[in-house]
Amino acid sequence: SGNGGDDGSSGDDGSSDDDGSSGDDGSGNGDDERFEIGVTMGQMDSGLDPQDHAETNTEIITGQAYEGLMDRDKVGGIVESLATDWERTDDGNVRFTLREDVSFHNGDALTAEDVAYSIRRIVDDEVGIVSPQSNDLGVIDEVIAGDGEVTVDFEGFNPIAFQLFATNGEVMQQSWVEENDGNYINQNTNGTGPFVVTEYDSGNEVVYEPNDDYWGGDVPVDELTMGASSESSTRVNRLLAEETDIITNVPPQEVSRVEESDVAGISSVPSARIIFLQMRYDVEPFSSQQFRQAMNYAVDVESIIENVLNGFGTITGQPTLEEHVGYNPDIDPYPYDPDEAERLVEESGFAGAEITLETPIGRYLGDVEIAQAAASQIDSLSNVSCELEQREFSSLVQDITTGNIEDKPHFNLLGWGNAEFDGSQTITPLMTSNGALTVLENEELDELIRQAENTEDADERVEFLQEANQLAHDLAPWVFLHQQFSVYGVSNDISWEPRSDEFIDPDTATRQ
Amino acid sequence: MVSARVIRNLKKEFRNSALAKIGLVLVISIILVATFAPFVATHDPTAQQLDQSQLPPVGFSETAERTSSQMVDGEIQTVTETVEIEPDPDHVFGTDSLGRDMFSRIVYGARTSLAVGVLGTLLAAAVGVPVGLLAGYHRGTVDDALMRVADVSLAFPSLVLAVALIGLWGRAAVDIPDPFVVAGLAPEMPESFVLPITVVIVVGLVNWVWFARVARGEALSLRGQEYVKASRALGASDNAIILRHVLPNAITPIIVLGTVQVAAIILLESSLSFLGFSGTTLSWGFDIAQGRDYVSSGQWWISSIPGFAIMLSVIGINLLGDWLRDALDPGIEGEGGAA
Amino acid sequence: MSFGRFVLKRSLQGLGVVWGVVTVVFALRFVTPGSPINAVAPLDASPETRQAIATELGLDQPLYIQYGQYLFKLLQGDMGFSYIRGQEVVGLVFGRLPATVELALAASIVAIALSIPLGVLSATRRNEPIDYGATLLSLGGISTPNFWLGIMLILVFAVEFNVFNTSGRGVDVGDVALSLVGSEPFFGTLLAWLAYITLPAIALGTYFMALITRLTRSGMLDELSKGYVQAARAKGLPQTLIRYKHALRNTLIPVITVLGLQLGTLIGGAVITEAVFSWPGLGTLVIESINRRDWPVLQGSLIVIGTSFVLVNVLVDTVYAYLDPQVVND
Amino acid sequence: MSERLQAASGAGRGPDADDVLSVSNLSTRFFTEEGQINAVESVSFDIRDNEILGIVGESGSGKSVTSLSLIDLVESPGRITEGEVWYRSPDLADEFRSNDAVSVDGDHVDLRTVPPRVRRSLRGPSFSTIFQDPMSSFNPSITVGEQIAEAVEVQRRATANPRSTRSRTQGYGLGQYLLDGIIPGRGYTSEESMDRAIELLEQVGIPDPADRVDEYPGQFSGGMLQRAMIAQALAGEPDVLIADEPTTALDVTIQAQILNLLREVQEERGMSIILITHDLGVIAEMCDRVCVMYAGEIVERGTLNAVFDDPVHPYTEGLLGSIPDLEDPKPRLQPIAGNVPGLLDSEMDDRCYFADRCPNAMESCLEKPDEIVVDAATEHGAKCVLAERPYDPDEALPADYFGGDSE
Amino acid sequence: MSDTNSHTDATVDSHTNADPGTEATAAGEPLVSVEGLRKYYANEQSIVDRVLGNEPESVKAVDGVSFEVAEGETLGLVGESGCGKSTTGETVLRLREATEGRITFDGENLLEMSDGELTQFRKRAQIVFQDPFSSLDPRMTAGDIITEGLKIHGVADQAERRETARDLLERVGLSADQIDRYPHEFSGGQRQRIGIARALALDPEFVVLDEPVSALDVSVQAQILNLLDDLQDEFGLTYLFIAHNLSVVRHICDRVAVMYLGKIVETGPVDEIFADPAHPYTKALLASVPRVSTEAREEDFATLHGDVPSPRNPPTGCRFHTRCPEARAACRESAPPDYAVNDRRRAKCFRNDADHAYWDSEPIEENARTAGD
């Protein structure tokens, strides 16, 4: 890139041409400036190993350099990536045909062995690391590397195998992984993706340059910088001061400031994240279905969306989002009806209950404020009093994810991102008896899900899921709140459309 | 313990120093406001009125751009409208993002700040003063050990240590029933006051060493005083001497340090709650953190007003401390206090 | 005692304190509620990982052996491994240290450069307008929470007037120094650096400026009332020399001691300032580590912070002893 | 000779030619919050060539303030409210003769009327001072040699520069100081002044002066510091040396050394010394003439023999009677009853201030006595009615007249 | 309590006895007897010092002091600042722990007393300090200060104690109305009186007076000296009077001990010592005092040369040899023993031994000249 001043300006040996704006760009298509993109998120990654993490931010940062077999488009549709073709074999396994001529950043060609190794590294604790993503690809018996293809043998039938692979399963190079230790792998990349990491300042900033040999063709960006700022106002300020180009989670009250500014605008998209209040079915007063329903009537979700989120959200009434497989269009959200709520509380026999809502701080858009609003609305029922406890997300999540339901909070706010776009990926972990995060044990619901998982007929599966959603609505293990919108601030210098799965793909940005 | 001379000096300093007057007025107001918060506050500080959110303080009307969005055919459409927001005289300091009354939050925030400041200081003093006095009076190994502990303790910045300890121990808070509300005098106010007890404990633990150092230094110099020797010659035991002679004569710098510490701890508490390491939401630091996201969008009052509240109360306490120091330690300005 | 001996003694004492710091930090792991493994392993670690970590760290060993191992590794420059970030703690902590040092230095230099003349002026022009001004200013300075000041500075200077950067650390002093010899334009780099560092340095430095002003003022008043000042006047020494050579010098000695002790406050202040300005220093690392329960990193950071404190104080004492030999025999 | 006494005691009279310094009616007050303190009240005396004048009195009688007033070092809240300080300096007299604002009398100039900066420029080269506590009079963080060299430098620069420029900034401003700080090898003091400092230390009997110049005051013993202080005072080659209790902080053996040194120095250089002390023994050993101060006033004066052998004022008598005599141990001392009064203006009646402690107080003591000449030949004067007439028991004030609180 | 006011010289006999405790004379048995008392102040040694092998520096404040005080007499202890007078005084009362030596009080070994015995001893021996400012607790009233001892020992009830305090105030020349005043409301001399009243409250037999008048003005000093004299008569007190002012010592003491650098160099009756000092140091000390009389004028002080050496590192041999105008080479080599000058006086100087090798050794030249030259 940086071979400045070798044309035209002959005969000056002093290298001091400080006027760097003369056409010296090597890329040669008439552009006179480098195209640099800065992205500012809420938090940085926790290491660059794409298989050794489980949060969105790391996924975004590593996802610039690593790719999986399949990918998604802006609205969640499945598209090809390292695999050009995929099919179900007769025995229910899936087979991927690999793209040819893909090479890693170090120049080595991608092999089927690499892919197989990567999958094993994720799902098999014996291979490489113990990956926190081991459940994300389903239960896999065996991975077979063929000639230009890879076959994955699931235990039983996996109806959402392709959804899983479209979201998860970054591919790494076996030899590179084996030659380097964790410390190195977490600070360097060697993927196949559009960007190559050039500078890694842990927790602060990652700088990329385009991968010149990218199979997807020329990457239009000359330099990509990913940084983070946990304060939304800081992100907005950075955007408006033109220090960065894309920022995540613009808070509602800042939207107009961004919109009104000359330098940036708002780009938002309904995300795959649903926000709700979990109620544990096994403790009083939440053991009563009436009481749980009462809570749903007590919270004025519409008002919260309008006032706290400035409308950046849609009300929900079931665990599955509208865009996702299994959504039941017949379910209406609970209306706001405090009288009905009081009546149901009375009926439940838990009048006078005192409950505490636990909420994470700053994890979801407006989480504390939403929780405060919800708690105070519940509190204003004449026969329930509700307090709020704010907790650091990591410690709250530690409680939520403990294996034992007895150790979980009674009543807490949580958000769930379903990157697979499939209803089962929400209901299974969050509402079925064996779900890692469940607050409910209901045989009927378990059975519906089990049936959905076992049917090989996609339509039938949707029906089971819709039924499950109806049941979930009625059982009301949650106070159904809303679907979150991803609100991005985007500099006017670029044109970029956000994705609904919260992944950021600056390689699709263009200069404006 | 408070001799006539001390009182005279206090009065004299007070008469001559406008700053001392300001300080006293500020501190007394804060104490009154904090104590009688349920009567001073106009609203329940935690009660939300979402449709009344972000009202500016009285005297400031706001022209704000409000953008809202709607889903139209799966597309998000944003609408920006310019709204004129008039302050509501019912909310003198305006309301925050959830429509809670800022004035009442400031009033209750004073309670938290003061409670943490005073309790934390008392705790720190309760630990530090005896240790310091004993070490300074007896010297030797006890003293050596104390000084080493103090060295180590000083090596950790108090904010960092506090953050780490609270991070470790969690953010426990205790609910203390508000006697006024319980007695039915202010029924619409919160029934209990949330005291972030971990913060109090941590802040006390983090700051005890300052008291220990000062108490030790005083004890060290007082133990050589002839009246201490005289007392020993009369047959007084060491503990009696510490109680009767050393402590009373060391009390002045300890009190002065105490006021400084209250101020420092109020600042520390606000830093902690700003960073989210507190157990209560009724805190100025917390409000600043909450309002921070609104500063640049025009709702400056949500975080400015609590900031001023901190500043004023800390200024008040510092002025009080200066006054006490000047009055109780007349050596500083070179004018002898002796008659 | 000779100067060399004094330095040796003071260094050994410092080493003792560092040892204390390490011990306290080690103990932190055991006062954490829950198993010490929680302090090391990531939240979602599988039982196998936990076991592996436990064995690796020797958590199944008696405490004193663990402690010994910890010390031993530390001596070899090994502060452990962050399972949450998948990195060596040493790299992480020392990667962040320069940013904090840069910020703290910038803040103290500005604070000292402004406050000492102000304090002297205020003391020598006692009860004149400049004294009242300085007194009020310093009173405000020590009473303003620095995070709030930071927010207000960003609002005014970065958002409204857009003269400084809102946050981050785009350019560091190293870049500025390099630009002197390299191809980057020096002034451009310098300006860019200033655009980043000015606001955080002011936010962090204000408290110190105020504090030193107060200390200098009262110290000067104190010194100016002493016998040697009267004696210096009586021997006809020029005012300037009396103030600066005699009184200020003696004022600075306690001021520097206090500053050494207040270094902790400076670092504490840096933590929160970094949080406000997204400054990628140790402070943000500490907060991140606590929020993510990344104890190995937290421990490493605390050790580095504690050690720097001790180091600076040993240095201060050494400089003193050099300037004023009486200290050596004290 | 009797005019002398008159001149010194009377107001507004000009000084004599051999007076190096002549003070008349000097009053210094402190305006404190408790009220006005009359620390020095209408004090007049003169100091001649080549003599040692002693000022003696109990603690708080105003000795130090008197000496500070001479060199214009009284600080706020104190102020010289009245009086003249005539200093003999033909140079100054010439310079200001034509200036209406400045009183000039022959070779003498009234320092109270010259501009402050001129007064300031006299410190060091004209008047030097030795303070009571050598430990606190040296800056603990600067070497002894450097501090003496500074005094040498003041003198050097004073002789090198014309008075007009020197007095403006004393030849040294902040800019200069900063410049000297930045440029290495520069400073206020020079090599030569340091050499001179070594010489001076040698003269006052400090062993190994070349090594000791680089030591800090803390490394000197009290006696050596007092010597160093004398060396510093001599650096300016002053006309008048004011020694304010130069030996009070020292042990007798060291005190004897210092007193010897002062005496030698005085003889060698022919300067005039004002020796302030509360030790009558020191006065007796050292002084030619003596002034006894009580409550801000000079209550008795005269040649040493006159005052010590024939004291008139009961206060002087009392002082002498309070001292246990080494040669002749008396079974019982004859002390003065009561305590030294505070000098608060509001508490001082217009009477002889000593009346409340005086064993011979009479009704006429309720009026303020003027100074009365006892014996003109010995310049002996006293502010006491007993100088004129003997004590009359009939006129005695009743014992509890002053409230009886005085034991 | 004895009412003998025997300012007698007869007491000194016992001094020459090897064991003064057992063989007391009838005229005045030694109430206090001190033998070979040493008090070293060791520098605090931290671990680091020990690691570095830094030598513990000790100040030999009192280095082998023996004397005794007979009942009813006043023994003066004089010497220059820092020579160890206060240390001696305080160690004798066990306010500081002796490093070595033997102190007997009324026949009992003070250093071996149990806590209970010590408490009893405290009632019988008291101390008055030099500094009238620091010796009174500024936060207590005169009454509280005076009755503190009574309270500690549980003597009498509150009202009686107050009565005692009023009584004592009157005795020391203050007014009983001043009982509720704070120290700062008194002048220096008045404070010193309160300090004396405090010491007398427990009705002691022995009082250490540590420079009780040196901070006072001459006129007040004389008042206090008179008071002390009166009180001794009235209460039959025994005094150890510490001073550096020789004229005061001469005035009030019966016998005097002259200290130099932690050692007593000469003891004897006051008149004899002042008339004819047997130790060169005593002589020099006397010569240094400026006389008030006008006759002595003009003759130069016969002053000593140099400063008092540091007690951290005292000179070998006779400690005075570095300043002694009479010093000879022999003084450097060995420390002179306690020579009996006559049956009442002793002095640590070879000049009292006519046969000593001293007389044949070389004088130390530089000491001969007086200082100030």
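Just so it is clear, A, B, C, D and E label the chains in written order, and each chain counts residues from 1 on its own.
Convention: a contact is a pair of C-beta atoms (placed from the backbone, for glycine too) under 8 Å apart; a residue touches a chain by one contact, two chains touch by 3 or more.
Chains and their UniProt names: B = Binding-protein-dependent transporters inner membrane component; C = ABC transporter; D = Nickel import system ATP-binding protein NikD; E = Peptide ABC transporter ATPase.
Computed from a prediction, not measured in an experiment: that's the story for all the values here.
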item	value
Given chain B and chain D, the chains that contact each of them	C, E
B-C or A-B, whichever has more C-beta pairs in contact	B-C
Most centrally placed chain, judged by C-alpha centres	C
Whole-Å gap between the CA centroids of chain B and chain E	54
Computed distance of Cα centres, chain D from chain C (ABC transporter), in Å	52
Rounded Å distance, chain A centre to chain C (ABC transporter) centre (Cα mean)	38
Residues of chain B touching at least two other chains	167, 170, 292, 295-296, 339
In chain E, residues with contacts to at least two other chains	46-47
Touching two or more other chains - residues of chain C (ABC transporter)	13, 16, 154, 159, 291, 293
Touching residues on chain E, where the partner in the complex is chain C (ABC transporter)	46-49, 51-52, 54
Complex interface listing, chain E residues touching chain B	44, 46-47, 90, 93, 95, 118-119, 122-123, 125-127, 129-131, 134-139, 145, 148-149, 152-153, 182, 184-185, 195, 198-199, 202
Sites on chain B touched by chain C (ABC transporter) in the complex	19, 148-149, 151-152, 154-160, 163-164, 167-170, 263, 267, 270-271, 274-275, 285, 288, 292, 295-296, 300, 303-304, 307, 310-311, 314-315, 318-319, 332-334
Residue numbers on chain C (ABC transporter) that touch chain B, as the complex places them	13, 16-18, 20-21, 24, 28, 31-33, 135, 139-140, 142-145, 147-148, 151-152, 154-155, 159, 218, 221-222, 225, 261, 264-269, 271-272, 275, 283, 286-287, 290-291, 293, 298, 302, 305-307, 309-310
Chain B contact footprint on chain A (complex, rising order)	231-233, 236-237, 251-257, 259-260, 266, 268-270, 303-304, 306-308, 310-312, 314, 361-362, 368-369, 372-373, 376, 388, 390-392, 395, 485
